[in-house]
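Chain IDs A, B and C follow the sequence of writing; residue 1 opens each chain.
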Amino acid sequence: MSSADTETEGVTTDAAREAAVAEFAEALGDVCLETHVFPGVDCWIRVATDGWLQAAQVARHELNYRYIDFVSVIDWMPSPYGRDMDTEQDRDPNAVADVEAMQHGVTGGDTRMQAIGRVHSLITNIGVNIKCDIPDDTLTLDSWISVFGGVNWHEREAYEMFGVAFTGHPGLRHLYLPGDFEGNPMRKDFPLLARRVKPWPGIVDVEPMPDTGDDGGGES
Amino acid sequence: MISTFAYELSYWQQTVLRVVGGLVAVLLPAGSFVYLYLFKMMSFMQSRLGPMEAGPYGSLQLLAEVGKFAQKEDLIPERADRMVFKLAPYVVLVSTFLMVIVLPAGPDMLMSNFDVGIYLALAVSSISVIGILMAGWSSANKYSLLGSLRATGQLIAYELPLVLAVVGVVIQAETLNLQGIVFAQAEGDIFGWGGIGNPFIFTQFIGFALFMVAIQAELTQPPFDMPVAESELVTGYLTEYSGMRFLMFFIGEFATAGVFSAMAAVLFLGGWYVPGIDPNSDWFNLLGPAVLFGKMMLVSFFIFWFRISYPRLREDQLQRLAWKVLIPIALVNIVATAVLKVVF
Amino acid sequence: MDPTQSQQLAYIAGQAADARVNVELETDEGMVLNLGPQHPATHGTLRIVAKLDGELVIKAEPIMGYMHRGYEKLTEVRTYPQVTALINRIDWLGNFANEVPFILAAERLMDVEAPPRAQHIRTILFELSRISNIALFLGDMAVQLGAVTPVFLAFRDREHVLNQIEAVTGGRFHPNFDRIGGIKDDLPAGWIEETHAVMVKMRKFCDEIEDLVLGNEIFQARTRGIGVIPADVGLEYGLSGANIRASGVDWDLRRDNPVGLAWDKVDWKVWTHPDGDSFARYWVRLQETREATKIVDQLLDTMPAGPIMAKVPRIIKVPAGEAYIATENPLGEMGYYLVSQGELTPFRVKIRSASFSNMSIAPWVLQGTYVPDVVTILASLYFILGDIDR
């Protein structure tokens, strides 16, 4: 079993995950800025931007997190196109949403884009999410490819979807989209093109069932 | 030809009969194999029914297929070598027709009583390699090229087991003449008992097995269908062919299967001979073709059964099988046959 | 790997990706073969640009994106029930299994637990999806190698499983049955006995395939020693599922990562194979299918009674938070990293699909193999294009 929850006075603690993040914090020292544990579910650490590659090396070579789950980017900017399924912007492209404050996730952060990589240990069966701020002006980060060969495609996808460049990657080019595609689709300020092409009709009421009362009716 | 019925046919009448006979000998096996084995037997082995719509139990499907191919657009790729591309199917068909010349269907039912019949048949069967190479090379398509190069290597490699397997039969029959081989089986005896003659399959069972494996490879059927490996090369050297040209290749493939099976029947199973009737009688001129047809269907049943069941061998494994396994066995078979022929 | 060769091929691949037609480009050494988007060997629209020396692959580069549907962007404007309908279609053969990790992640954030009967039925449907998915693989890999018959047997027997899934959920391929807090409907009457009978048929099918395909000498000659992936390389590339178990790593998320479904309530075994070649991958998946039938049998016998849906509000708003839940899907490890900011729609969903990582090892493993082996290795890695491209 991977996580042993213990309840003490209504507060659950997760010993295994606490130990995992403590190990990381100890091995990384100053580079590790924040940690967070969601008992029974998951755990996070956030590292400084120049400690991104070091975190991977520590994870793989020292702490035996040999399995790479994924590497991706989260764009924390609130969408100017609204978040609901049924927003003004879908009907009227010129409408402007109320600008909301940018909220970051569980381990905080300062920049708009945050990288997240997840590594997994087969010995303790714990996976740790490693987050890192990506500087807004340069939008570059070190590549993990010297540590985990498998992040090749993950980083290419992050590059094309968010515009984040990874230094040290052997061939950073588009993965899914054609070579001349302009823009980075997963950014929040890139509109969902399907809604621009055909306006969303809004929540359509479900049609009521045909009336079986008067016309022919076998079943009631 | 049919002169013993006291009815002399003039030369042009004989020629017409020969032409019709040749066409029938090529098209009838092709048609029956495609319907019976490809459509129905393969379907039943795969727990499905096969074509059922066209005609009762799908029997007119062949007609529909021919009609479909005939009405298709004649496509030639832009960068293809036009003349070579057009000529390739006919080269393959020519080799099939040439092999039919020496195949005996009765004591007098043969096109020409060649003294080196089997030698001619095996030599002529290699012409199809040229046709396949022409098809792949002229198609201006890398898949076709890969397919035809594989085919060339494979077909040339498997010529040798084919020929060597036949040598054992020739030693036993003491003649290269196919009609002579049939008579040797008809009039021979097994340790003195002449009841069923001496079909060479009993003594030449190794040769028979080698022959069957070699014709499976010569026909590029699974497990030797690297040249036409559907999951890798689309259709190999046939990829760019459509419509009637593809139909030519298709007919050629099945007709060649028929002719090779008939050859196996002649060499190993006694050809048109059925025990009980004097081999020289005239009834065999009518019965012989039917008997040969039946034996041919029996042999080709195994060809198609293997086709349906086995995955395909990789090209280098295939070559290794031919050169390192089949040829040594064939040589041992020849030596053993020669020794035993002298002893007995 | 020669960097200039690698750059050259990257350039070609980039050009090929831009070209809208199957253009083949010549270079000085070696022939470039384009196993293009329309090809019988690739499970969908995958394109592999291979540089060949005769029949030897010097370098191979997959190009994908022909089926990219933009799932992660779409989920940002869909409510949670709508996302469920959407993510069915990622791995379209292991239908129910796609919904489960996402629903579980949302349930964790909402602090809702589905009742035991719902967890049980979820597990049964999960395993049925696994059986139907892998049964197709068992026939499909045979047909990639040239044996045309087993695939018909696979499709025939798979129908029984799909009928069972349809009887419960109403959909053969896209059930859309899981809900936050439980499942949509209860089991129909007589379903349990029918499913027991279907499991017997599937075990017979597994035995048949073991005899017909695994025992075949030509199949063994084609797959033994082909595409060997050592365990540490596999882990480094994120290989999961049967692929990594065939390299000897004893790791199965059903046992090692309990998420609340009913796998810990039944007795089953994790199958591994030390070789790491294509034969091992086929063998492990065959054993897993048989094991899945046994799991389903045990689960059917121990089905608890009770409600199938926990108390959840009608309009679902998941509280703010982040969670990653992964399950052992038929293709490998599939996980959803769910970021929620307390709205009706998720803020960001990162879909970690198994085939994406499984395929990323292709350039490494296809080097130095023959063209026929390319087909064998790709077939044995078993990817689904919808899973790679999302």
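Convention: a residue touches a chain if its C-beta (ideal position, glycine included) is under 8 Å from a C-beta of that chain, and two chains touch if they have at least 3 such contacts.
Keep in mind that what you see is a predicted model, and the values were worked out from it rather than measured.
The most centrally placed chain, judged by C-alpha centroids, is C.
Most remote chain with respect to chain C, judged by CA-atom centres, is B. Chain B and chain C have CA centres that are 45 Å apart.
Rounded to whole angstrom units, the spacing between the C-alpha centres of chain A and chain C is 22.
Annotation: 64 Å between the Cα-based centres of chain A and chain B.
Chain A contributes residues 1-2, 38, 40-42, 44, 66-70, 72, 74-75, 79, 83-85, 103, 105-106, 116, 118, 122, 125, 127, 129, 148-150, 152-154, 161, 170-171, 173-180, 185-186, 192, 194-195 to its touches with chain C in the complex.
Partner chain C is touched in their complex by these residues of chain B: 42, 45-48, 142-143, 146, 222-223, 225-226, 229-232, 234, 308-317.
Considering their complex, residues 24, 31, 33-34, 39-41, 55, 142-149, 152-153, 156, 213, 216, 218-219, 221-222, 370-375 of chain C touch chain B. Only residues 3, 6-7, 10, 14-15, 17-18, 64-65, 68, 70, 72-74, 76-79, 82, 108, 232-233, 235-239, 249, 251, 256-258, 320-326, 333, 335, 337, 339, 341, 343-345, 347-348, 350, 352, 356-357, 359-361, 364, 389 of chain C touch chain A when the two sit together in their complex.
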